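Below, subunit A partners subunit B and then partners subunit C, in two separate complexes.
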Partner chain A sequence: MSAQLPANLSEETVREISDARDEPEWLLEARLEALEALDTLELPDVIQTPGRRWTNLEALDFESLVDPLNQSDETTREAPDDVVVLPFTEALDEYGDLIEERFGSVLDLETNYLTALSAALFTTGTFIYVPEDVNAEDVKIRAEMNSRSLFSHTLVVTEKSSSVTILEGTESGDADVEGERYFSNLVEIDAGENSYVQYGSLQNLDEDTYTYSLKRGDAGTYSTINWIEGNLGSRLTRSDIETELNGDASETKIVGAFFGHNDQHLDVNARVWHKAENTTADLVTRGVLDDHARSVYEGVQDVGRDAWSTNSYQRENTLMLSDESEADASPKLIINNHDTEASHAATVGQVDKEDLFYMVSRSIPEETARNMLVEGFFVPVLEEIEVDEFREDLEELIAARLD
Partner chain B sequence: MSSDQDHLKETDTEARFEFKKEQKAAFAAEKGLNEETIRVISEDKDEPEWMLERRLRALKQYQKMPMPTDWPGQPDLSEVDVDEIVPYIRPDVEVRGGVDDWRDLPDDIKDTFDKLGIPEAEKNALSGVGAQYESEVVYQNMQERWEEKGVVFMNMDQAVQEHEDIVKEYFMTKCVPPSDNKFAALHGAIWSGGSFVYVPEDTTVDMPVQAYFRMNSEGMGQFEHTLIVAEKGSEVHYIEGCSAPKYSAFNLHSGGVEVFVGEDAHVQYSTVQNWSKNTYNLNTKRAIVEKNGRMEWISGSMGSKATMLYPASILKGRGASDNHITIAFAGEGQNIDTGAKVYHNAPDTKSTIESKSISKDGGRTNYRGLVHIANGATNSSTAVECDALMFDNESTSDTMPYMEINESTVDVAHEATVGKIGDEDIFYLQSRGLDDDDAKQMIVSGFIEPITEELPIEYAVELNRLVELEMEGSLG
Partner chain C sequence: MATLEIKNLHARVAEEDGEQILRGVDLEVKSGEIHALMGPNGSGKSTTSKIIAGHPAYEVTDGEILLHLEEGDFGDLEIPDDARTWNLLELEPNERAALGIFLGFQYPAEIEGVTMTNFLRTALNAKLDEREELLFGEDEEEEEEDVGYDTSPMEGNVDDGEVGVAEFQKLLKEKMDLLDMDEKFMQRYLNAGFSGGEKKQNEVLQAAILEPSIAVLDEIDSGLDIDRLQDVSKGINALRDEQGTGILQITHYQRILEYVEPDYVHIMLDGKVVKSGDASLASELEDKGYDWVREEVYEAA
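Moving on to the complex of A and B:
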């Protein structure tokens, strides 16, 4: 069922957003097309089992959540000199042609109702361009959300044999906004031949915010796209990380960490499509749930008919700290080529009793011991992070949540 | 090798399944489905009024419910047009409810089951045998020593007459209500035949009871219902085998199985399904397990064009446990979508699910499973393991498990692997003097061994023979 178009949304709204940014005609057209598509598009797919729907997106009241003309954010961008990191709008002046060519090429803007809504209304985001043979480390983008709703679009293009590590942090700013909010974040990565991208994302919005995020990568020949996704904030998070392995010998890792408490709802998904030969994927998600928090996880490893010699692995582990929490998981394998080595594993459980007993017997107080074990549980994710600041932030947030 | 096994080996398994008999029926319903058909079936069976009412209610539900089409990757059911099938055929047997002496069967039916090896199996290893031909059970027999202990094994239609109270209480009420899914509703409307098994308290039936289902007519549907009630502390192993010859029109099998496992009771339900490759096999099988009871589902799905089957256990009492072992083999044109469902609704409940699938020559297998741990089901544990073997690049193998965990003091593990048959394994066996075909067969036999070792020897041998035949088909 498609959602109702909010009454405060019209072609005028979209023109106003586009005019205010002095955007080229093609972008206005793209926005208007997305707006028009809203009539027929559906909300993102949600897993259903007999009698249960794992996430209820229909319940979101877009009428009150979406305030398109009052979007406001405070974003800082730090980057080494040889890589281009610009606010999306500013980048249009100098890189307009490139952006026109790649915008929406990796992530179909009409994937669902929420992506189209985002494309029609986005006012912030970043353009990252890494020229051939450039190796750039520690691109840091920190965004503060200061309005009822905020729509962001980020495009990363890496040329042949380049590499880049990126941190994107999202928090709520100090602005005084009463009631519920909505944050939408679309990210597309077009990884050129033999390039390397690590895109780390840390979402820690306040718990009045509903977050929708879709990040999608297109991995070219010999390239690698590694995603790291940390979700601690928001009342409800729907996050999809997807890589299409389109080039021979391309690789991807999708590494996720989440830590839910209170009545947070985390719907996190990792999907990979093997479409070329000799590709490799590794999906690792670790999550902790406390209080009434609920997690929903779907992992998909799709091996296409032509994906000869594929390696594909997936692990998902959830720790439950409270009886009131709920963890739902569905790791899926879809294998159409027999020349494949694929596996997945998922576990749900508590902190290991024997580990706890051992530490208590070493005179560590039980709560400290439990917290140490939870922190340790996240190590496989932390180890993957290449931007030091990101790792430190995530460690701090985990520690703070345990206090 | 014992002489029993020799006998089964000697019977050419392929011939046993591929032959067809000319259709000779005493009564056949019109094609299609309406209230009139249902009344005719019910009347032909001389059923009590409440059963007719249940059938008619189920029919209404069936008509209301949409065809399932939105499951990710599900088999295509667009060809299944219930109005095109003959829902009810009563074969030409004098005595309603079948005969209890093999010699009294009409020659053509006797010949069918002889070829399938039924009487031989009965002599050797079973407590009781039922055989269903088209819509009606034609033969039912149970060894006297079990009858003396109060064990009941009879055909379902007869049970409606003779054990009306039990049937009325348990038949499609609390276990599989017709509203469960479209095909359960269809089943509730036009069910016919099947088995009723009742095992009194503290009684152990130490040899399996078996039912064999056979569809012989083109374009028919078989809708047998199996109801097993195992009282406190009892134990029984029920085996069903299924087959049909291949016709060009499609056949539909939509069975319903309800199992009530009492406190401390133990029920094993084994199926070897070899429906012909024009059959749509859409079943609903479910067990409710009381305190410390144990349910085991063993399924081998080799036949059918499309199968959708997810035997379910509802672990209702503290300490109840479930064990699923399933194997699916999909060859050319087959789509075997099967798995397991377990609801942990009480503390200290346990489940293990082991699934093996093989796909080749464009066949498609899918493991689809659900494990639900409800709030309050503390100290429960579940372990799911799925392994898939793919023979070639035309085939597809999917794994789609769902886990819903509402309790923290639990142990939940799911693992799955998919791969091709190992070149090194084949090389090793070849170096020991086996040719390529034999090596592959041996690897597959080893792959499905966890299933075959759970079955009585006759079934294990048959399953192995079926796998060999499937393999020969592709490699020849």
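Moving on to the complex of A and C:
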């Protein structure tokens, strides 16, 4: 079932967005194509268990959530000199040809209704270009959302033998917006031969905001794409992180952390396609749920017929701090080449009572002990983060939520 | 001098129709004494130790556990007259620990993501805080601080607590040297990937840091090779000799008693302490076995 096209959404709207930003013709065309596709596209698939559809995207009222012409954000970008980090629109002047070639090449803009909606309407986002042999650390992008709805598109291109570590933080600004909001974030990474990308994302939007995020990477020969995804904010988050291992000896890690409380709903997904020889994937997600929060996790490792000598691992662990929280996890492994070493596992559980007693028996009050166990639970994720500021932010948010 | 007094302790597994495990345990352990508690599997030794520490899996159905304190038990800290006898069964496990009860676990928990340093410093500071609160009531001067900020899973709350990072590192190093433990343990996660022997050494290390009045050590000797057994024994003797800790050592075997010589030996059978004596009782038991005790006890009855 496709969602209803909001009445305030028309070709005129899209042209107005594109004109206001003085965009090249090809981008307008791409937006209009995406708009047209909305008629036939479906919302993303969600996990269903008998009698239950865990994430109900159909229930979202896009009519009131989407206000395409009043999008507003305040985004700061810090980067070393030898790497290009520009607002998407500004980048078009100088890097128009490259962007035209790669925009939508990794992430199919018509993947589903929400990606097409995002492509048609995006007004913010970042273009990151890392030239050959450049090593860039600590690219930091911090976005504040200041409107009813905001659509963002980020494109990362790394040339041969380059490397970059990126932090993208998203939160709500001070702007006074009553009621529910919608944030859409598409990220595509085109990793060139022997390049390395760590893309860390920390979403801490206010709890009136619904978010949709699809991040997808195309890993070239000998390249590595490591994703780190932290979700603490929003009322409902649907997040998909995907890597296609297209180059021989390419690698990916998809590392996720979430911590839901109140009545937050977090639907997080990690997927990898092994399509070449000697590729490696490691999917690690750790989540904590308190109060009435719910989480849904789907992880997919797809080993293609030509993916000889594959290594692929997946682990997901959810820790429940309250009896009212709920979690569903579905790790999937599809193997079409026998030359594969793979594992996949998911657990859902509570704080271990014996662990807790051990700590309490050493004088540590129960609540402190529980908090230490929760913080410790996230350590495998924290240890993966290369941008120090990102790790510190995530630690702080976790500690603050435990208070 | 602190005294742990267990009187007529009855307990069962805390669930519906839970099995009755303890049927009237009487035992008294004072600071500076070493007691060995022996008995066959299922006699209630481990249960006794867990109940002393406050494990929630057991329900006490009768009897009591008292801790008597005297001036000097907490160094220079004055102990008010009305805070010298405590009914442990009314206290939370962390409060019991703060008053000087320590349980060395037979199977210590392995906790990923919490470093030894963070854990032990947090424990030591929590002990000092809680003890003061128990002895003197709520501490009104110190407002609840926002601890959300300076916390790190590696180091803990940097500014939090009486014992600072530097001071603590020094203390830790001292105690580790004593136990012949490698410094690399400090940055490792609590018991995670430790060998059986390393875990037991770590239990003794924790006791050395927390300086309990009474340490209950549940089969601290199981799974140790001879070298490790000697290290651990040295640590236990040091607890008694240097800190005046009273030791209640639960064991199946005579072996450790050669290195940690007990002042008293108690034998448990079917949920009761049925026989007590001096170190020679352990040797006698080694020779004659539990059947001898059983016969003696039940014939006498």
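Keep in mind that, in the parts below, the second predicted complex is superposed on the first by the 403 of 403 C-alpha atoms of A that agree within 3 Å, B and C clash if a C-alpha of one lies under 4 Å from a C-alpha of the other, contacts with A are read in each partner's own complex, and residues count from 1 in each chain.
Rule of thumb we're sticking to: a contact is a pair of C-beta atoms (placed from the backbone, for glycine too) under 8 Å apart; a residue touches a chain by one contact, two chains touch by 3 or more.
Quantities reported herein were computed from a predicted structural model and do not represent experimental measurements.
Superpose on subunit A as described above, then tell me if subunit B and subunit C fit or clash.
fit
Looking at the overlay, does A:266 come into contact with subunit B only (first), subunit C only (second), both, or neither?
A:266 contacts neither subunit B nor subunit C.
Which holds for A:403: it touches subunit B only (first), subunit C only (second), both, or neither?
After superposing on A, A:403 lies in contact with subunit C but is clear of subunit B.
Quick check for you: in the superposed arrangement, does A:52 touch first (subunit B), second (subunit C), both or neither?
Only subunit B is touched by A:52; subunit C is not.
Pick one for A:395: touches subunit B only (first), subunit C only (second), both, or neither.
second
On the A-aligned overlay, A:360 touches which partner chain: subunit B = first, subunit C = second, or both, or neither?
So A:360 only meets subunit C here.
Please give the least Cα distance, whole angstrom, that subunit B and subunit C reach in the superposed model.
12
Would you mind listing the overlap between the subunit B footprint and the subunit C footprint on subunit A?
none
In their shared complex, at which residues does subunit A touch subunit C?
Where subunit A meets subunit C, its residues are 352-355, 357-366, 368, 372-373, 375-380, 382, 395-396, 399-400, 402-403.
Please output the residues of subunit C touching subunit A within their complex, sorted ascending.
Residue list for subunit C touching subunit A: 53-56, 92-94, 96-98, 102-103, 105, 108-109, 111-114, 118-120, 122-124, 126-127, 130, 146-149, 151-153, 189, 206, 210.
Applying the document's contact rule, which stretches of subunit B touch subunit A when the two form their complex?
Those in contact with subunit A are residues 73, 370, 372, 375, 378, 388, 390-393, 395-420.
Touching subunit B in the complex: which residues of subunit A?
47, 49-50, 52, 305, 318, 320-323, 325-350
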